Amino acid sequence: MSKNINVGIIGVSGYTGLELVKMLINHPTFKLNYVANSTGDITMDELHPSLSGICSLEVKKADVDECAATCSLVFLAVPHKTAMAFVKPFMKLGIKVVDFSADYRLTQDVYEEYYCAHTDAENLENVVYGLPEMFREEIKNASLVANPGCFPTSAILGLLPFMDRRVPNTPIIVDAKTGVSGAGKKLSDVTHFVNVNDNLFAYNPFHHRHAPEIAQKLGVSFDEVNFVPHLVPLTRGMISSIYIQTQGSFDAEELVREYYKDEPYVRISKNPVDMKNTAGTNFCDIYVKQKGNLLFVSSSIDNLLRGSSSQALANANLMMGLDENSGIPNIAYVP
Amino acid sequence: MSKNINVGIIGVSGYTGLELVKMLINHPTFKLNYVANSTGDITMDELHPSLSGICSLEVKKADVDECAATCSLVFLAVPHKTAMAFVKPFMKLGIKVVDFSADYRLTQDVYEEYYCAHTDAENLENVVYGLPEMFREEIKNASLVANPGCFPTSAILGLLPFMDRRVPNTPIIVDAKTGVSGAGKKLSDVTHFVNVNDNLFAYNPFHHRHAPEIAQKLGVSFDEVNFVPHLVPLTRGMISSIYIQTQGSFDAEELVREYYKDEPYVRISKNPVDMKNTAGTNFCDIYVKQKGNLLFVSSSIDNLLRGSSSQALANANLMMGLDENSGIPNIAYVP
Amino acid sequence: MSKNINVGIIGVSGYTGLELVKMLINHPTFKLNYVANSTGDITMDELHPSLSGICSLEVKKADVDECAATCSLVFLAVPHKTAMAFVKPFMKLGIKVVDFSADYRLTQDVYEEYYCAHTDAENLENVVYGLPEMFREEIKNASLVANPGCFPTSAILGLLPFMDRRVPNTPIIVDAKTGVSGAGKKLSDVTHFVNVNDNLFAYNPFHHRHAPEIAQKLGVSFDEVNFVPHLVPLTRGMISSIYIQTQGSFDAEELVREYYKDEPYVRISKNPVDMKNTAGTNFCDIYVKQKGNLLFVSSSIDNLLRGSSSQALANANLMMGLDENSGIPNIAYVP
Amino acid sequence: MSKNINVGIIGVSGYTGLELVKMLINHPTFKLNYVANSTGDITMDELHPSLSGICSLEVKKADVDECAATCSLVFLAVPHKTAMAFVKPFMKLGIKVVDFSADYRLTQDVYEEYYCAHTDAENLENVVYGLPEMFREEIKNASLVANPGCFPTSAILGLLPFMDRRVPNTPIIVDAKTGVSGAGKKLSDVTHFVNVNDNLFAYNPFHHRHAPEIAQKLGVSFDEVNFVPHLVPLTRGMISSIYIQTQGSFDAEELVREYYKDEPYVRISKNPVDMKNTAGTNFCDIYVKQKGNLLFVSSSIDNLLRGSSSQALANANLMMGLDENSGIPNIAYVP
């Protein structure tokens, strides 16, 4: 194993930054030689004590030029809006970027409705949406990849095979359940242990920012995607329970198996999927069940990996001409 | 407080039996003077150590005559099929019964399709379904009440106000989430801590026995009720996330507030309901959200109380001419 | 039931304030007619949605005169230092006080070493430590009661019966385990769900403020009490695992049963105690096991109730000449 | 990477068997070409669905000859007593064995007191106890290694550096906390989700079978080791909170750092250790704190890995002349 491609990460304080670091430590080709956050002046193992004895890289205060001087590709694990400000100069310097944020996932008008003003229309034109099952070839040639949101990843992978069978204009219902790590490290009443433990609740019903992302990528109107996420008392994992009305006669399991038959990171399950079999991996596990013309799809991913960091790494592998599977985790945290 | 009505419980080993005992200890009128399970030869505090110092009643091996000799009303917290065998003789002896099982909740044909042969057609004709919000007056005059299932209670209470607004023949979707106590004390892989903790999964999608119960009580066909329960890593609590297509212009929150305005144990919430505010109580908390013609209803109950034991007690109160609220818990276990 | 003694609570925003409100709603004699926090301008059910339909009392901005005008006794569920500032004027006005904070639990010198300067030496002289098993008679005549800390309550009740048997100058080891509600509502990394779930760790080993409280009440030196609390991933509950070296021959279970034989809220268990049998109650459950001259005591309480609010209520009952047991919860939250 | 040493596992149905399979899949030298359980007739991914797409090896009904024909070393992840029956013939056939059970950890007399009759005295004489920090050189030359118990691993590693400083004849107290996976897959009331969630309790206080294992390896009498394990509501992780009385003046942190300075899988922490930093790894994290002559040691491991499977793999690496670190996991499951 020769680590001969230098990569950097801006944003190593959060959960997704840490997950990426963990995978890059053992990556056969990528060498992590630049890590940064908003303050610097600390080492990786001070920031994340679990890395003690494993990684003591110096964490820098993020600086585009310093990063560009030593890296061919950079992962941006920073909040939306902050991301745009980094993407522009990196693109100018010819550095490839995988952006974890929402900044380049939506058309400008929709982005501005749900987030804030967009200040980088130029790169927005050339971005590729980093869902390999949809855009593998485009990703290979991309300079800038918008890494998908966690909910959109699980929902789109569950819906894609069936969009042709759907009755037009009937509601697509995505009742999602997510672990708490999806909310990040920021302190809030919602993530206080006492409020989450022994509890469950919907949040932002019909108003979550991931709904337009799902709609745009599936090519349907926002009105058709009805998305209600629920917070559940566990750390990592995400399941989208999807309901759509279909027409014509078909065997949903057969169809989904055929659709994903060449995909290395989608598994079709004969039994309802759970969260533990995907936790720690890049897999999306899918289960389908038909009842007359109603189709139930249950789609499970690790929200921090397939929903963020391992998908980002798959994208980076593709962008740099490597095997898509290089360094991608496939062995779950069970039990 | 004068405890002057004697009641009994057959089936005090399980969770719902225990919950009922806990409420009856402090009930102002009902005196619990007969408790039984399938073996006897133990006391309540030996069976449930949390009752040490509180209740040391002798648990008998269940015997209809012994129970009937000293009780005006009996609660049957036993499995389906076992329940029928007790109901018949109690009815003959003129003892009122609240049955926790599914034995008297469905029409005979549907019962036999989902459960087993029914051997008590006679009493099945005169049973009342014990959902006070639907059948309060009938319950007052009933000798035999079929206490509703937990999922049906949460789903029906969420759907009732909106059945008139629903577009006929469109799917009613009930994506339910339940804590593990709903599965009872029986050991199984599904309830092993290691399999539940950090996990979540659907089970019996579109094939759960509670689906026909929901359909029959709402007066729709089984085809229209699409019910998918999910197990979540917590002990008590249940939320039904309901999606229906509606017609006409109306304010769902206004409608549901009006519908339940005189109901003591239904609360309408401006924010998405959670499980902790109902845990430990008989409340059903309901939240509604409209998006065009799609309606989302989130309905939360304590699966062991409103979903079983406290609803049973409310039914017993009504059957014996007491205030429906006597001894009914309304203060949640939060935090 | 005639609620003819008016009481107030200052500090109803936190967990212990809420627990106290929940008990007072159903108290046979105490009428809760004054509730306050630091801001006011809200109602109880807005502050704690679980009280919706139960208690809509107006929460005032705390004011001593307003409270004193209508209450005979006030509970102070505010932080240390803030408590002192309230106690002084209430004492002057002849209002009885149960103080939840540490302000009056220690001698002045020790208090000032572990907390801050003490500004109410006068009342500190006349305070009674509110552990009924130690000071029941004194509490009955007290104007000011210092409600014990949660860890001291569980540790002292476990140790009291055995202090005479202990080998002098050998270490008293208290390895305690507590749920997260003990840390209060304040946001911190330590109480973020992701950091607590699937985790466990010691904190402040040998340096927790509750250690001197345990030592002073047991009449031993601080050097002899070796206290290490651990945070465990659950909401409510606390167990102290205590190890002491004893001398002479005695049967520990017999001794502890005899010691507490007249105590209504101490239960001796033949099996190791757990947290669920005490959660929701005022009970302290105790288990003992001897191995030669080493004694293991496991002492379990609900940290929010016996460790705070229900013990405070028992103290208030005693101070006002009521039955100590009035309104005290004894039925656990199991399952 | 050339997988040129064939190894087998007997006992792949349980948690530790699965953990071992997960590590061997990616091991650079060991090739897993024989897996068995007590029934056979299934594949690895049918037995453990998380391995779907990863490992579909046929699971055989355990057969010594079949295994010996193709493997140089075999891991026995079977219960005690069953293990002995396999060890004997494997030893005769010259196959190296790492035994996960207790069968070869104790002297015969003590084994028979705590477990059952021992039927393989011959091999018991030549076994090596597989704690590399104690017996690394002996393990390299061993044919049979007794893999340590989980509690003994965490307790012994915490105690070893300090045994010279301990006051003779004073009690060694080990107050341990373990996740539920340590109890295995077998169904029991103790592992039912409802009994574990929101709960904590001691079990087998002073009578756990791991106590004599700790004593024998440390060279002290059974009377001196006072071991009380507690079950905590989480899946994997184990912390031993150790208290011993020491003599002389020394800096415990300095001493433990020096003691383990060349050990790749022991980390000394400046802050109290937690369970998440070791979960998923072979690390033992140790924290020490002195208070006068009392020493507190907190020692954290993953009970399934360092407490079983990854330690077994390290032993196998040593026995086969490989780098001890080959294929050993060092990156934690955090967050």
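For clarity, chains are labelled A, B, C and D in written order, and residue numbers in each chain start from 1.
The rule we apply is simple: a contact is a pair of C-beta atoms (placed from the backbone, for glycine too) under 8 Å apart; a residue touches a chain by one contact, two chains touch by 3 or more.
The model shown is predicted, which means the values in this text are computed figures rather than measured ones.
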Worksheet item: Among the remaining chains, which ones contact both subunit C and subunit D?
Response: A, B
Discussion item. On a CA-centroid basis, which chain has its centre farthest from subunit C's?
Written reply: A
Fill in: Whole-Å gap between the CA centroids of subunit B and subunit C
36
Item to complete: Could you grab the centroid distance between subunit B and subunit D? Build each centroid from C-alpha atoms only and quote it in angstrom.
Response: 46
Practice prompt. Would you please write down the residue numbers of subunit C that are in contact with two or more other chains?
Written response: 15, 181, 194, 197-198, 233-236, 276, 335
Discussion item. Which category does the touching pattern between chains fall into here: line, ring, star, complete, or other?
Written reply: complete
Worksheet item: Which residues of subunit C touch subunit B in the complex?
Response: 15, 18, 22, 25-26, 48-54, 181, 197-198, 235-236, 264, 267, 269, 271, 276-277, 280, 283, 304, 330-335
Worksheet, complete the sentence: Within the complex, subunit D is touched by subunit B residues 15, 180-181, 185, 187-189, 191-198, 233-235
Practice prompt. Spell out the residues on subunit A that touch subunit B in their complex, using ranges where they run on.
Written response: 171, 173, 175, 177, 179, 194-195, 197-203, 205-206, 223, 226, 228, 230, 232-237, 239, 241, 243, 245, 272-276, 279, 287, 289, 291-292, 294, 296, 298, 335
